[in-house]
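Next come the structures, one after another.
Both of the next two complexes hold chain A, though its partner changes from chain B to chain C.
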Partner chain A sequence: MSEFSWVGKPHPPLKMEGVPKVTGEAIYTVDVKLPGMLVGKILRSPHPHAKILRIDKSKAERLPGVKAVLTFEDIPKVKYASSFRDMPMATSGTLQPPDQYVLTDKARYVGDPVAAVAAVDEYVAEEALKLIEVEYEPLPAVFTIDDALKPDAPQIHDHAKGNIAAHVKYPFAQGDVEKGFAEADCVVEGTFFVPRQVGAHLEPQACTAYVDPTGKVTVWSPCQLTFPLRRELAKIFSLPEGMINVVTPFVGGSFGTRLSLYCEPIAIALAMKTGKPVKIVHSKEEDFSTLETRTADRVTVKAGFKKDGTLIAMQMKVYTWAGAYAARAYLAGPILLMWGLGHYRCPNTDGECFVVYTNTTPAGAMRGYGNPEASTVVEQIMDMAAEKLGIDPVELRLKNVKKAGEPSNLGPCPIESTYEDECIRIGAERIGWWEKRKLKKQEGVKRRGLGMAAMMHCSGAWPLLIEHSSAMIKFNEDGSVNMIINPAFPGTHCWTTLAQIAAEELGISPEDVHVVTGSTDTAMFDLGSHASRTTYVTGNAVLEAAREAKRQLLERASKMLGVSPEELTVKDGRVFVKADPSKGLTIGEIARSTIWDLKGESFNISGKASWSSRYSSPPTGAYFTEVEVDTETGEVKVLKFVVVIDCGRVINPMTVEGQIQGGISQGIGYALYEDYVINKKTGVVESDNFNTYRIATNYEMPEEIEIIFINKPDPKGPFGAKGVGEPAMVGVAAAIANAVYDAIGVRLRELPITPEKILKALKEKEKG
Partner chain B sequence: MRGKQVIKLTVNGEPYEVEVEPHMTLLEVLRDKLNLTGTKGSCGVGECGTCTVLVDGKPFLSCLTLAITVRDKNILTIEGLARDKKLHILQKAFLEHGAVQCGFCTPAMLLTAKALLDENPNPTREEIREYISGVLCRCTGYVKIIEAIMSAAEEIRRRGSEYE
Partner chain C sequence: MVRVLTPFEYFEPKTVEEASNLLRDYGEKVRVLAGGVDLLARIRRREIQVEGLVCIQRIPGLDYVRQDSEGLKIGALTTLRTLERSQEVRENYRLLFDAIHSIHSIQVKNMGTAVGNLCIATPASDVAVSLLALDAQMKIAGPSSERSMPLENFYLGVKRTALQPGELVTGILVPPLPKGSFGAFMKLVRTATDIAKVNVAVRATLRNGGCEEVRIALGSVAPTIVRARKAEEALRGTRLEREAVVEAAERAAEEVNPITDIRSTAEYRREMVKVLTRRAVEKIKVEAGVKG
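Take a look at the complex of A and B:
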């Protein structure tokens, strides 16, 4: 029997987290309605690069029902960073440059906001946008890395010479790569292109803002990082942080896209101007064309191995295709280097990354950013090396995976726990790796292939970024608690996981943990939901707060029962003497008499904690897949996936499985279907909705999915848990790419692997 | 304004008379006029299925359906799926099987699943896959959604009722 009451057991979402979603009562940002609320809309540049010579808003202002029209002249001329300049990188000190205005006088991509209106309804607002007269002076524009790097390329930002937003050297370079390559018995190299990927959450981006008569600003936003958002908004509007309250309703998917700020400052400016609440809801075309996507990157890798498969040198050069503003591309490119060069043990490493501005949609974060990209490249290089060395791909990885205590992928901080080798071994066995590879025949129309990828990710981004979360827990008279947290909640059911952690420690049921959350005013600081951190970092804050509350509970109980606190324990809502379980009190009896104490010793049993993570507990795993490639149509069907995951001790197997299944779906999309198309002449995003940007539907999911948990506790995670949200998709595309190669013997160096690319590659192969 | 009309609809068993303009979609009427915000909008072009409601028991994309074309019809939205504060067995199954993540596609998935089970109380996995293929989900990978529908179908057959 398990030593735990709640940890490790599948738990459906807490009633408060789940039921409103199945009854339609859950309020998302798009559903927020306030008395007197106006509709806000944004006028966006139709040009990829243009100076605004003149804006005349007078006609729009005269339209009945229009309450405000704003242009750059009406907005504080403060540059901001859409992914927050106050996210210090602990190792390199790199900060994203503030390079963006709320409303601009120089458009840098098709979709750049140039004006905004607030009106009584949607139709009037739309009409008003048409009445704003803008005279543009179109400028030459660049849409690709290569064009942006040409010597005569137009300059997108004054501060970035040659359109280079950043040139970052791999901060953890080791040894001497040239010497390493000279000593290697086998060197493989290749250049790969990994594409943009859209978050494609279903809930459109939205925001409602209200400024009350005291000047306090309330913002309803789906942002995953509410406290950093508050800080950036405070800077834009020169307000103290305490005068802004960021409220997070339910969030209809985020996947990293919602790490950044989008229409929030525009909604605030319109609310300030009108004195009314203003709500902006994007169309899906606006979402696809203006929200941050995963970056596209051109990555050149060179890796040197000894005959026995030992990796001894690795070098990477990355060109990160940023959009018109640096956004998270600033971090995504450099972190790609870290995931790529830091995954396997290697004595000689070196790398550099150029983040390149272009006149396109800003790029940066999507689920696991940097790592699915790095994995797609490095895991294919590993397979190429395995073939050249005559070593099985499984064996080659087993030879080179890191062990606990070695430096983590994100810096010199040691790995607290890893079971990557075990993941690889179990996965290979479950998919029948050796048997099937032996039987494989590369003939016939439909050809099957097996592929794999190994994975190491992170549980929070320490030591790269600060990882700070807080939690408060207070007992109510009935023995239930309020847990006050604010990690944002994009649908991972983290309230439930965090309630399981609190309940386990406090000896109560998760349903007796009433979660209080949803605004920066309510809760203490929490960085938010990113980098697979919530269970690990917020979970540790919750555990610490619960420990303190439990200490107070047992101390009070010891006085009431006349025994020492050490003799007591708590389980199933009751505190009792370990040696004599019949002697005890319910938590309700203790909590009630502590709050209502006629002796004048009243207090509220409670605990609060801030957790500032200083550890690296990378989740690890292995992905194995079997695919079938139709050599006549070029179509790839994913038949099976085996995912073995080491995310420490699994707190809630149901939600972890859900994350992995969802990760497989997004990884399949990334590998095979999702194609972000920007018109090469106009800069317009052509894949601007679900009918032109194809995500995986239920038909594309493999018939067979096997998920295996290693389930061994990490020394630093709460109850031994590590992160899992992003790892779920990190190696999926890489495994598919390797399986496609195994099936047809042609390596496609550019995702998505579309039928057209496969047919073209097969034709070229025939020609020799 | 020109062209305004009053139409009658029954939504979740309640009769309504609503003043609409001819261009208004059913989605707008439900969300903005009737304040039934459980029905969500997303793509606006009939691709994602998020806005699905049942019109006379059949799944309809409310973002593409003009309100005036459903006058006098019976409409079921997610708010009408639970009865007398009791969850429908599909709703319970979605929660118990972990078929809900962000929840934004959930109203559409649940109503589509209900229409399926009303037509075909004992669907195969393949039939479920086909029937729900018009509703996109970006979170779950669909596995648990299909499991939940299978399990709810069995439970409803066993009980002979959609409610416990």
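Take a look at the complex of A and C:
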């Protein structure tokens, strides 16, 4: 018997979270409708790099049905940072400089917003866009890291000489790498290219803004970081934070893309100008062409080992392909160094990252924030080293994984718990690692291979960022509670998980936790949903708030029952005396008589808490896969995946399993299919919709998936939980890349591993 | 990066004749709307400009699939999903079934019609490639007359058909298959629900172990779907020996004219014509029990 009523048990989504989605009645930002609402549309630059010499909006303004046309001249000339310029950093050094205007007078990529209209409907709005006359002076443009770094390359920003947006040294370097390499028995080195990846969520980017007669701004947005968004908007429009309310309805997927700010300030400016609510909804082409993608990076790694496999030196050099604005590439690139150099124990480490501006779509965050990129490179280097050393890849990793108490990957904060070694051992056994590798034959048209990757991630970004969340819980007369929280809800079913945490502590059912959420005016501060932190950080705030509410509940009950609070406990909606369970009251009875107290001692039993995380409890795991490569067509079929995950105590196995399956799917897409194609001459994004940009579907999923939880509590997570959302995909691509090598003996140093690339590589191998 | 459809006139003729007259009167400015899968997406993306749509969905008697002595008959409004679920197609025209079944998006198959799929004249059509190998005939109605045309002559170029002003396709006829017919459909895709990078349909008539007749149809490797005639010659009259099959595959690869686009490269496509042609014939050999 479990000691818990709800924690650790599979729980379907709360009715309020699941039912509206299944019936199609859930309100997303794209569904928001307000009386008198206008449609906003954005005129985007067709040039990758151009000065705007003249804009004439008079014709557009005269079109019947057009209510406002804005250009850079009508918008506060305030530079902003799409990734929120002063998201408070606990460690310093890599803040994104504000480098972007809401509407620009110099276009820096195809799709850069240059003007906007508000009109009575979409047709008029689109017609109006055509009537805006813009005279551009096209400038030479650069689309790749190499071109942007050439000495005579056009300068994209005045502040960034040589198009270097940032040059960051690995802040946690240790020892002396040169000495380490000199002492190494075996040194491996390789340069890899990891590509962009699109969030590809279903709900398009959208925003509705309304300014009431007092000047209070309400913004409906799918942004994952609602409070930081409010802060940045306040700066752009010189408003106090309290005059802006950011409302987050259901979010139709985010995957990190929605960590940043997009059309929100344009919608607000149009609403301010017209006095009407204005809604902007991106087309899918706009989504694919203008939302931040995962960064692409060119990564060189050098690693030195002793004969017995001990890693003693590691060096990384990263060129991060940022787009026209630094955006989250500014952080994702440098953090790639931390994931890569901080995963395994190593006494001598060193690294640097150049974030390079180009005239392309801004790049930034996506699920894993640099870790799938780092993993793809470092886990392949580990396999290359294993081969050279003559050590099994499994053994090589076991030799070098960190233990609890050692410094975490994100800096000096110690690892609270890790069972990475256990994950690796169990995974190897479940996939039949040793037997299958012994039996393997490198012949025939279809060849099979096994691959693995080990993983360490984070539960929230402390100590890199502040990790602050809050929660309020109040009892209703019926014994249910309202839980007021505000991370964004991008489909991870975190309401359910957080309700399970509250319900466990309060002795009620999760369905009796009514979640109240979705606005910065209603809820206390929450940084948002990112960095696999919602269960870990918001969960701790919820637990603290529940403890306080429970304390008040028991105190009140003790007065009613005439016993001390210590003698009481609560379970299944009832407070009772531990020694005599027949003596008790339902929570409803207590709550009701507390709210409606005829003696005049009324109050509302409630708890509130803020949680400021000071810990790093990295989730760890291992991914094992078996693939089959058709050597005539180059096609790769993923046959099986075994994922062993240490995400602390699993609160809801159902949602965690869902995360991992989704992570496998997204990882397979990253490894094999997803290709963000930018035209080399025009800078236009060619893969601008789902027909051209292919993501994996059910058909690409392996037939066999085995997911195993270590399920050991972490000392700091709520009920021992750690994060899992991003870890679900971190090592997937690396494991596939290693398996492809195992199958055909050719290592492709660039994702996606397409059939075309495989055949080319096989031919080159034949030629020798 | 546009989103809305441009305004257009909308017609709902009740007869083929009425539809045909509209098409004749408005010419290039109007398009026929059946399932709309490809058409509406292309209008939205401004790849084509239309001033009007002639919706044929209200014309009775165009949604059928039946088999009689003349062969398999398919109406202009018959969806891919209807064909996939038809017992006649599944049992007697397996090559067509396999091609439709390889289209993994059920939503597309529910919306899209077989005739519409042929009329958009994409060289990547799985359905067109299999119907070409099956010697399908197009039934065409004009303002004053009807005519029939082999599918093979139907395509003039990328997205161009032999339809004259005022003409529309009302159905497809797939002739009865001779005894000893075997077929194989194969394709390569980026992901299962994507359009083919390369597809191939092979149909052979085998008698006493010898290849009496053969069709090799290829898609996505030229401006239109194509027949690999030289490759067919290499097989006709042989016993499908290994050398003949390899020779046919080599010839097929020489006969195509692929391009590089977002889905694949010209080089890869040409190479895959060779591999798929060989594999398709080998599959037929296995099914027919031909040795060697």
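Side notes on the structure shown:
Definition applied: the second predicted complex is superposed on the first by the 767 of 768 C-alpha atoms of A that agree within 3 Å, B and C clash if a C-alpha of one lies under 4 Å from a C-alpha of the other, contacts with A are read in each partner's own complex, and residues count from 1 in each chain.
The criterion applied here is as follows: a contact is a pair of C-beta atoms (placed from the backbone, for glycine too) under 8 Å apart; a residue touches a chain by one contact, two chains touch by 3 or more.
This one's a predicted model, so the numbers in the text were calculated from it and none came from an experiment.
With both structures placed on the common chain, the touch criterion links A:G658 to chain B but leaves chain C unconnected. Looking at the shared chain after the overlay, A:P13 reaches chain B, while chain C stays out of its contact range. By the document's definition of touching, neither partner reaches A:T293: not chain B, not chain C. Of the two partner chains placed by the overlay, only chain B lies in contact with A:V251; chain C stays clear of it. By the touch criterion defined above, A:T320 lies against neither chain B nor chain C after alignment on the C-alpha atoms of chain A.
Of the two partner chains, chain C is the only one touched by A:E756; chain B is not. When the two structures are aligned on the shared chain, A:V22 is found in touch with chain B, with no touch to chain C. More residues of chain A are touched by B (comparison of chain B with chain C). In the superposition on chain A, A:T534 makes contact with neither chain B nor chain C. Once the two complexes are laid over each other on the shared chain, residue contacts for A:S480 go to neither chain B nor chain C. Chain A residues 283, 691, 695-697, 699 lie at the interface with chain B in one structure and with chain C in the other.
Residues 10, 12-13, 18-28, 30-31, 33, 199-204, 250-255, 283-284, 490-493, 654-655, 657-658, 661-666, 689-691, 695-699, 701, 705 of chain A are the ones touching chain B in the complex. Interface of chain A with chain C (complex): residues 44, 111, 122-123, 126, 281, 283, 285-286, 289-290, 632-635, 673, 675, 677, 686-688, 691-692, 694-697, 699-700, 754-756, 759. Residues 35-45, 47-48, 50, 77-79, 81-82, 87, 91, 94-96, 98, 100-107, 110, 129, 132-133, 136-146 of chain B touch chain A in their complex. Note for the complex: chain C touches chain A at residues 1-4, 7, 45, 104, 188, 190-195, 262, 264-265, 267-268, 271-272, 275.
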